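After this come two complexes, each holding chain A, first together with chain B and then together with chain C.
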Partner chain A sequence: MQFNSPPLLEVKDLCISYRKGGISSSIKGPVCAVKGVSFSVKPGETYAIVGESGSGKTSIAMSVIGFLRPLTGTIFFMNKNIWELDRSGLRRLRSNIQPVFQNSGASLNPRMSAGKIISEAFHAIVDEHEKEKALIDLLRSVGLDREILRRFPHELSGGQKQRLNIARALALKPRLIILDEPLSSQDLSTRAQLIHLLSSFKKAYLLSYILISHNLSLVRLISDRIAIMKQGVFIEEGATEQIINNPSNNYTKVLIEASNIKNVKTG
Partner chain B sequence: MSLITAENISVSLGRTPILKDINFSVETGETLAIVGETGCGKSLLCKTLLNILPQSLSVNGNIWFNIADKKRINILSSGEQILKTIRGKEIGMVFQDAFASLNPVIKCGKQISDVLAVKSKTDHRTKKSRIFSLLEIVGLADVTRIYNLYPHQLSGGMQQRMALAIALAGNPRLLIADEPSSSLDSIAQKQYLDLLNRLKHAINLTLILVTHDLDEAFAFADKMLVLYAGYTAEYGNTVDIRTAPAHPYTKALLDIYQAFRENRQPTPLPGEIPSLGNPPAGCRFHPRCYRVQPACAEQAPPKKDLSGRHYTWCFNPIE
Partner chain C sequence: MKGLINILHSDRSLQLGVIIISVICLFSILGPLLSPYHYNTQNLSESFQRPSWSHPLGTDFFGRDLLTRLMYGGRITLTVAFSATLFAVIIGTIVGLASGFIGGWLDRILMRLVDILLGFPKLFVILLLVGMGYTSLGLVVTFLALFSWMEIARIVRSDVWVAKEQLYVKSAEALGLRRRRIIFRHILPNITGPLIVSTVLLISSLILIESSLSFLGLGVQPPNASWGTILNEGRVDPVGAWWISVFSGIIIVTCVIGFNLIGDGLRNILDPKTGKKT
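Take a look at the complex of A and B:
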């Protein structure tokens, strides 16, 4: 991590609200999902946002990627306010910020082969031979065999799908990857593979990650700083070990306890 | 006598074996954890226990379930009339995706009421008080409000509790819970597991808990059945498996689990879980195994009895 360098991403006073739901919604008026959230991410840093379902974690991610316009607040990425960019500026931005979502299957087009999915990211390379070489190198870096190129998403395991998602995110050589619960639907051995991959890419490419999760024990392994989120606000933020070892907020203590099921009393 | 005993359960699709020679038994009040990774056949095994598999799959073996008066029936060879008295009444089931298992256009109270109407004939007032008590048992506060809500108006944790209330409505002696907490966040997960643990002791529930989370298995289970790609890797007492895993796959899982607990980078297992349609010959784990021997690639591994209550299926187990 580059401690003295300027932040890659700077979010200030972010507020995100949704209009009330459909005809069956019991909620009247706009729902404030994120209230006055500020944070920054440095090059090479992993910043984790941890909280329970519905706390607003994914809303922040959607806003940073440029999918969800905030009500108020600013998001500066590489010194540019992303919500003041025109369409082409936003397109350039998206090659530098890539998402990896929780549901690895739903984020892959079921009618495209793995090769087609990845090669879309290489559309700038005209030479077919060069494109195939780049593609195979990329697959190898995430531990996938070239044989996988012919397969469709339904023919891949959960871990292979998630590695394909990571490969697609890496294809454009981004500066920041937003990992929205990338491990929570994965098995133990797949989690170990993915954590290994993410850590090695972080070092190799000086990547920054925003890691969204509800599980502190996983977050602890790869993040430098943690923000604890509840009902749309950050209630605690700090260095990972400081938060885990000396939580100042009761909710953080509950989260730490819940992430460790060994505390379930038996007998 | 065991409440449920599975003998040589094999499930296949055409000539492709999906589950092969699964054996286990569960005593009354005991908890068995079925542990394994996605695609190893855990959910398929649960459906086999209730005999609700699609007709395209062929099943062999016996599932003996102990009913009243020390009589036992074979679930796999019983007719639909008998199975109707078993499913829901004797054996309840909670599925992984609670929302998908609830009817989206029927209010919560009515959904439990429908189950009660089938399982026992009671008047409206008794039925309503039974519904309220079931909702309270599963830890749902403000039961009169929940009674009139639709499933989409509940949070994920509440939906999972609703599914549990429905499963408990017929007073089952055996509850099969198929990854009941895996879709919940960590706080809801802990609350749900605490509830399940309380219920298990309060009503002497026999539990088959399907999970890929070793923490859950260790916290709850008396016995564990570790599956890998449709085969049993290891079966036995939880303490024995935890302290002295004999199968290299179980050992690898435990090493990863321990690394996470100690905040260390886990060492990933090499290779991939094999596809069930095209599994490797011999032991299905051998391409990823660090203790592999020539025989492992040629024939299915033999069962080894380690202590009379701990078994593994391996040519070269860890001793």
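Take a look at the complex of A and C:
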């Protein structure tokens, strides 16, 4: 971890609204899904955003990846304001931020075989031989068998699908991976394996993660810092142990109670 | 191939439609080759013969064998309908993809154009154009296509609208793939179902329009003959020589029903809400 280095991602005063103009919005002001959120992520850091359903976690993720234009606020990634880049600039930058979504099945094109899906991620490599080698290495590192390459997404298990998503996200050697509830549709043993996998990559590639979840006990296993989110705002932010052991906000205390961390050491 | 047979077995109306259309296609493609008569050689001594062994569907005023003429007319009618549909689908798909994926002002302009063209009474405008003397087969096909792509464009656009929000498209975008790749590899393959259905239904509606044009003497011109032309020839003596109108009418209707059955069957199978396709 390089906690003294400049941040990889810096989000300032982010406001996200799903209303686009219209009469009612000019009277009442826009309804914001995310209000005045600021945070930064350093190289190699895992930053967790925890909050109840509808609190705005996915909205933040979508803005950071460049899919959802914020109403106000700035998002600097690798010292570039991503919402001031043109289309080709954003496209080049994109390979450095990769998403892994909660719904592992919906993130895979149903009409493409696993092999196609994963080799598409290596579009930067022209040499077929090199591509093949990179692909095999990557598959091994996420624990997938070569044999699944011929299969289509509906022929894979939930865990295999999510491994495939993770592999695709890793293929371009990004600096930041945004994990939007990556494990919530997985069973317990798969979760444990995937957590292990994610932390091993973090060390190997000096990756940063933004880990989005509503599950504190899972988050605390791999995150360095945690932000607690409620109704579109960050209500508390701090180092993982500080948040868990010494929360200042009542809502955070409720979340900790609910997740049973104090009783079950490993979550 | 095995998958194709399975699909055929899964829906009765599809099965029936495919059988009808296959028979009509074979009839039109092979028939003229096997028939002892020529579709356009006159033999006035055999004028208006009733259906018989030598002329199963009878003859027309000029003594031409009706069965041979219908088989030959099928070639023209189907060729016109298929090629006009092909052009309409190509235009409609391109417009729909551009409009749906790129959006913004391009979408507004294209959809306004679609609204305007849809506002024209299609048959009337084509009648007008053809009536002004633009009657070659190529022009008829062009007119039909130019006034038929709009529905396709609308369907494609709204499907693209849905597809581009899917997480697999977002994931592909996040990889930094080029737009063209995203459109043709990730979006288009996932919206083919509704597109195929409307294509098949368009064929049947164009068969009807082409037949109407030819019936009015404005579409296919002699010596060529389409089913509509032949239907028109039956007007000379609809009671005395009933077989001309009856048989040409039957084949037009059967063909339209056949395509509609295929369209409905495919819709049942391909509709993402009710069916599943692997």
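In this text, the second predicted complex is superposed on the first by the 249 of 267 C-alpha atoms of A that agree within 3 Å, B and C clash if a C-alpha of one lies under 4 Å from a C-alpha of the other, contacts with A are read in each partner's own complex, and residues count from 1 in each chain.
Methods note: a residue touches a chain if its C-beta (ideal position, glycine included) is under 8 Å from a C-beta of that chain, and two chains touch if they have at least 3 such contacts.
Here the structure is a predicted model, which means the values were calculated and not measured.
Taken together through their common chain A, the two structures put chain B and chain C side by side without a clash. By the touch criterion defined above, A:S53 lies against chain B but remains apart from chain C after alignment on the C-alpha atoms of chain A. If you stand at the C-alpha centre of chain A, chain B and chain C are 80 degrees apart, rounded to the nearest 10.
In the superposition on chain A, contact of A:V126 is made with neither chain B nor chain C. By the document's definition of touching, of the two partners only chain B reaches A:N215; chain C does not.
Of the two partner chains placed around the shared chain by superposition, chain B is the only one that A:S157 touches, whereas chain C remains out of contact.
Of the two partner chains placed around the shared chain by superposition, chain C is the only one that A:Q98 touches, whereas chain B remains out of contact.
Between chain B and chain C, it is B that contacts the larger number of residues in chain A. Look at A:L255: by the touch rule set out above, it reaches chain B but stays clear of chain C. After superposing the two complexes on chain A, the closest approach between C-alpha atoms of chain B and chain C comes to 13 Å. Those residues of chain B whose C-beta lies close enough to touch chain A in the complex are 37-39, 150, 152-153, 155-156, 182, 184-190, 193-194, 197, 212-216, 218-220, 252-253, 256-257, 259-261, 263-269, 272-273, 275. Residue ranges of chain A in contact with chain C, taken from their complex: 65, 67, 91-92, 94-95, 97-99, 101, 103, 106-112, 120-121, 123, 152, 154, 165, 168, 171-172. Contact residues on chain A toward chain B in their complex (touch as defined above): 24, 26, 52-54, 155, 157-160, 185, 187-193, 195-196, 199, 214-218, 220-221, 254-255, 257-266. Across the complex, chain A is touched by residues 166-178, 185-186, 189-190, 278 of chain C.
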